[in-house]
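Read the structure below first, then the notes.
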């Protein structure tokens, strides 16, 4: 397989993730789309590690997952906190701060 | 057309379509399920690239832990299709256009990039043994440091999660 | 004696300082005495200087101190003592002294008397600087100094807004002239690198620097513009009649005898230059002639006694410039002298009349004053005869010389000038008859108060009267005596331009003609004023009474447009235009801020959207625009 | 070393008077007289050859603390030294709220201005340039008139823009030949002269705009009348007598020698602008009724003449300019003093509401008339000598239109007479208007004006000292 | 290395203090002591370090003197900050110990960022920096704005993380290494699109963190919504830390390739300056104005990255310190006031002369008036940019923007000095506060008059 294919595939996934963040109003879904972006990166990373036959890239993927997990933990906590207050996960109602 | 290629294309199509499913399905639960499916597809790619261990971890950590967490939260808030807020068409269109534009631009930028081919020769760098060695020799510092990350995440969970007195709009 | 010349301006300066500093504490009398003594002292010195110069005939430069020194530019503060300046010293100090004496009594009831004398001394000081200066810059200092003093003295009764307006007008018009003078000076400096008379004139006749005749003309014309302002020639003459707002002795001293002749002095001084600039000379002649005629024509229809005299002054100045213009510099100076005598005399006389009338100046309410005030009327009559040019009086000689010179230059000019002279005779005697003969036309208590003025006023009158009779005999016409004392005296400084020697027959003829016509004019004037009736003027007379509407003309073509322009600048260009732009920038920033601020919608989705767009653009730029 | 004292004394005194609430007045007066003494000494000392002092500051950036006083700088320091005590003396019996702050800021401003005159290192110069601005800004906005805040703020931002542009130019020049003394005057000059004409041409504007705004030159002047009108008169004196000179001084010291090519290229433009400014400002002055605005515009006109001469590139012009800087400083100070006295006594500056000062306050009237005539450059007042030399310089300028320039600029003299005499007539003559406080000059005001008038007449009759003092500097500036 | 360990250990200690000690005051004291200790550790490490950069754990870290000096200064700023706003932090919420622990972890992240050599460490450092910020932003749970700020920051922050990772991955794809030294082997002339794309992605991600336009949109909302004490910290020390990382990557890693990214970054800089300054003009709340001004200041700091030379490094460190000190001081003053709008400052000079005085000094510093550190900082980065050569236009533009900045900064001065009013304080100004503020302003002056005290340490 040419490396391009993986490149383009992960780019496609990445951009789908971006579209998702732009299209959805549900904070959780947005968050999930971001996870999708991270996974796209992971995929590309692994592809390159295969290309260079280098383990460090795969280690890097671990760390990405680690960080993702941590972020998810905090993120969901924040979302839950928001939900407790406004009983919604709609990001469009977060507009007390503007201008 | 080798099985390898068949698998590749199959997984690719699956990943992309499921990803689209994530962002298009109205019901959050479906989105979660689609996302899990996407992760499976990606793990498949990992296997194709002899990153077996990563594939497993991906399934366990992402599909298993993280996504379940999401699912859990969604259930907790019992969100479903009719509570799902929808952006108006124009905004969604704009989102698609801009995302697509970015995609096309980067694609066009990278079309001439290096064209070396991934040969199917099996390598063993993806095995636990090697990864473990690398992790605990070369990458021991990041490994330790990431504990700080978790610590702060933990604190975050505590500070944010603990219930305090009710909402009161104080200035600033 | 000559190197004591610095004493001459020093005395008036001291007088000014004493009067100026102590003007509120000193008793009035003291001020007058100090003022007059100062002038007397400097008169004494100038007499000494005069006779020394007359005997030696040399011209010396007395260097006092360096005034301006910067690189090549070097202008010392130096005095030049020669025939011309010493003559003017005499005129200024002599007449100045008489007028000071006269003023001691004339201004006696005015509370500002000491201040008045301070100003008067300051004036004499500046005038002396003007004539003594050894270079144009010192002359310019005096030139503006006398302008200042005339400003102060015209506006002496400063409560009256019209008077202060007149003062302002005088100063500003002089300034216009001064600009011309300044440009002239700078031209000289630019071309010759010096302003001192000796070096400049030395360069002119046979120096290293040779300029195009055009340049000579330009310099001469620029200087002449200065003279126009100072000596009230067309178009800058209108300030002089208004200047009559000042006290009468001031009009006598400044606006008749001395200051207004500064222009003539200056041109006579720079005769070497003008002789090289024929075009400028013609201009001078034409302007002078025109002024003479115009002013004379206006004087015919004036009713204010001082206004009549003022216009006659303007017209006489015109004669002098005519003389200069035809190249008869000495004749002009000669006329300056005689004119100083009889015009000062007449002003002082009118002052005495006004004094007697209790401030009334309108000749329509006078008449028959001759019975009450003998001395005044007789001396005034002498003045009139002199100015009208009756043979035997000083005015005759000088004016006749001018006319002769003009005839030699061009007959047409001569006839025009003759016309002006005849008008002079007419309005002068009209004035005399209306004032001193016939029956009194004023109110009764005015008539009751009529009286001859005190000695302090009459004695100067008498002295001046004598001078106006005999003053002319220093310059007898060629037909009478080949020896022209005056010209020979001035010859060292002033050399006339062109030839003015006519055949004796022509000269006799001209004299006869002018004299005859003058006598006829006097008779005409007598008839015209035998039964005076002052019905409102119509037609030409009205135009004359309103001074050809020149003031109104200036007002419409200069003053109003200037003011309009100024307020337009202020309102539109300044406030709306430039400041508008400056504030506009600030407003634009605020406005932009207000708009850009709205981008911050508070919507996360929108923020990310912007970010993605930005990414796309940056990628496009870095990949497809730079490469 | 003594040069630093000239700057340090006001700073220290300023801080002292911040602390000494009511004694501030005395502190200010004493220190200002002390600085006058110093300035006099320095002028005497640098009469023969320039004084200089320097020590390293930020070697890494090539800046050093270096002060330099030639005839011109010394003269301007002397002017500062004379003006400040005169202000303090003639305001002695005036009460300001929070005197500590007022006099403290005044002294700081003095320090800044002196620093600008003495600084011989571009960065140091910039420091003082701003340092002089800030206190004045505070003075205007705290003690000024009712519209003070927007007006002075505009003034501040306006000048700030200018100085920032100048800063960029300075850095650019300093980078041309870096070193431990990159910002030294000599280095800046050599750097600038070595540049190619085009660079010099745009550098010229970067530098010039800052100075043009300070002076101010025609299109950049609109801040000035408002600011003069709004700010308290003592501050107006500082602004118009001293800060304006900062602009001119800087043109001579930091612009003309630095980018000669640029100057040669643009000088005609600047001269034309200046001359437009002369006529324009004079015309506007004619229709003003507020005395402060009138004098402000007349000051713009004078500045126009000076800058025109500055760019005429002739020794005489330069020399006259230097002399005239001093004279204008003195005259305008006198003017403002009189205006403040009038405002104090009649409670208005509107000339249509004034009159008859000659009767109600004769001493003041005499002083006013003398200063006014000095202001229109009557001979035997200091104004004349400078003006004559300026005109001469302008006339001798290499430009083909030099005569036109001179004549047009000369119109300013006539218009100047018009508006000045208008002012004199309206305020001094005519019928008396009652004063709020019935008194003529008080002793301290008398002293203040006496100093001014003394200088006016002394320099008018015998300008030689001033001329000799600046001759060398003028010669240097115009090779 | 010592400092990194110390900071984590102290963080943990602080968490336990939270358990032991109940009343907030003593927790604050402990925190200050530990921070002081941390500063000591930094100084110790700095004094121990030689001039040669030292690498740890096979090229994960490459700590040089500059980084150590930077750490020391930033720790100092943090200490100053902690002392100034201690009381206010205690007022924010219940978990004071945790807040301070998070601050310690953030410092740890900064140490990583100043010393990283592998992209992995950069990534971890940024995350260690960011995640505590998300929490701190949301720490005031009674206040909805705080939570909103937290969520916004979180969403956008993780989005930018994705971009960062994409960039890292592409660079890895192009070079096969995560080592920034490895990037220096990229040839300038035949640069693979992959690498360039990676560079752009990284620029965008880091630009997001330092709030450079057009990635700045989160800044005003987050800074406005977050509890003011933490805003002060995020806006100053944290931002400085990321800037050093940015600088290290772009001048060590990509310095040779500057021709490729110079223009793009220049455009970003111009946009940042424009948006920051223009938008700040219209604000009514000083807190929000400071948020925008932090964007504007970031624009100036970007100059140091644009100009790849020695002056830039020095300018960056001077700028970081000057800006941090002044802003911290200003926030400390702001925290004393009840009303954060401009009107809240009206007449402060009458009521609290000293408070007003120091505020004026901080404002001068931010506006870049000479004699204050702010001027020196701006001046040095601009000089660096001019040394670089082709950036005159950008410099002039920046200076015009600085003039605009004077417009909104001086509104504070106008309010304090020229307007009448009676500002109410929400806590009395103690002697120690005054002392600290005066010390802060003196630091500002020292930076302005003699910047070499900072430069010398490099």
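When the chains are written out, they are named A, B, C, D and E in that same order, and each has its own residue count from 1.
Note that in this section a residue touches a chain if its C-beta (ideal position, glycine included) is under 8 Å from a C-beta of that chain, and two chains touch if they have at least 3 such contacts.
As the structure is a computational prediction, the values presented were derived from the model and not from experiment.
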Smallest count of steps, each to a touching chain, taking chain B to chain E: 1
For chain B and chain D, chains touching each: C, E
Chain whose average C-alpha position is farthest from chain E's own: C
Chain occupying the most central position, where position means C-alpha average: D
Chain pair bearing the highest count of C-beta contacts: A-B
Chain whose average C-alpha position is farthest from chain D's own: B
Centre-to-centre distance between chain D and chain A (centres being mean Cα positions), rounded to whole Å: 65
Centre distance in Å when chain A and chain E are each reduced to the mean of their C-alpha atoms: 26
Centroid spacing, where centroids are CA-atom means, of chain B and chain C in whole angstrom: 102
Whole-Å gap between the CA centroids of chain A and chain B: 6
Multi-partner residues of chain E (at least 2 other chains): 120, 124, 127, 131, 134-135, 138, 141, 144-145, 150-152, 155, 159, 193, 196-197, 220-221, 407
Per-residue overlap in chain D, given as positions that touch at least 2 other chains: 157
Where chain B touches two or more other chains at once, by residue number: 87, 91, 94-95, 98-99, 102, 106, 109-110, 113-114, 138-139, 142, 146, 149, 152-153, 156, 160, 167
Each pair of chains that touches, named by its two labels: A-B, A-C, A-E, B-C, B-E, C-D, C-E, D-E
Residues on chain A engaged by chain C in the complex (per definition of touch): 18, 21-22, 25, 30, 91-92, 94-99
In the complex, chain A residues that touch chain B: 1-9, 11-13, 15-20, 22-26, 28-29, 31-33, 35-36, 39, 42-43, 46-47, 49-51, 53-56, 58-59, 61-63, 65-74, 76-81, 83-85, 88-90, 92
List of chain E residues in touch with chain A within their complex: 120, 123-124, 127, 131, 134-135, 138, 141, 144-145, 147-152, 154-155, 158-159, 161-162, 165-166, 168-170, 172-173, 176, 178, 220-221, 224-225
Of chain B, residues touching chain E in the complex: 106, 109-110, 112-114, 137-142, 145-146, 148-149, 151-153, 155-156, 158-160, 162, 164-172
Chain B partner contacts - residues on chain E that touch it in the complex: 4, 8, 11-12, 15, 56-58, 60-61, 93-95, 98-99, 101-102, 105, 108, 112, 118, 120-121, 124, 127-128, 131-132, 134-135, 138-139, 141-145, 150, 174, 192-194, 196-197, 228, 287, 340
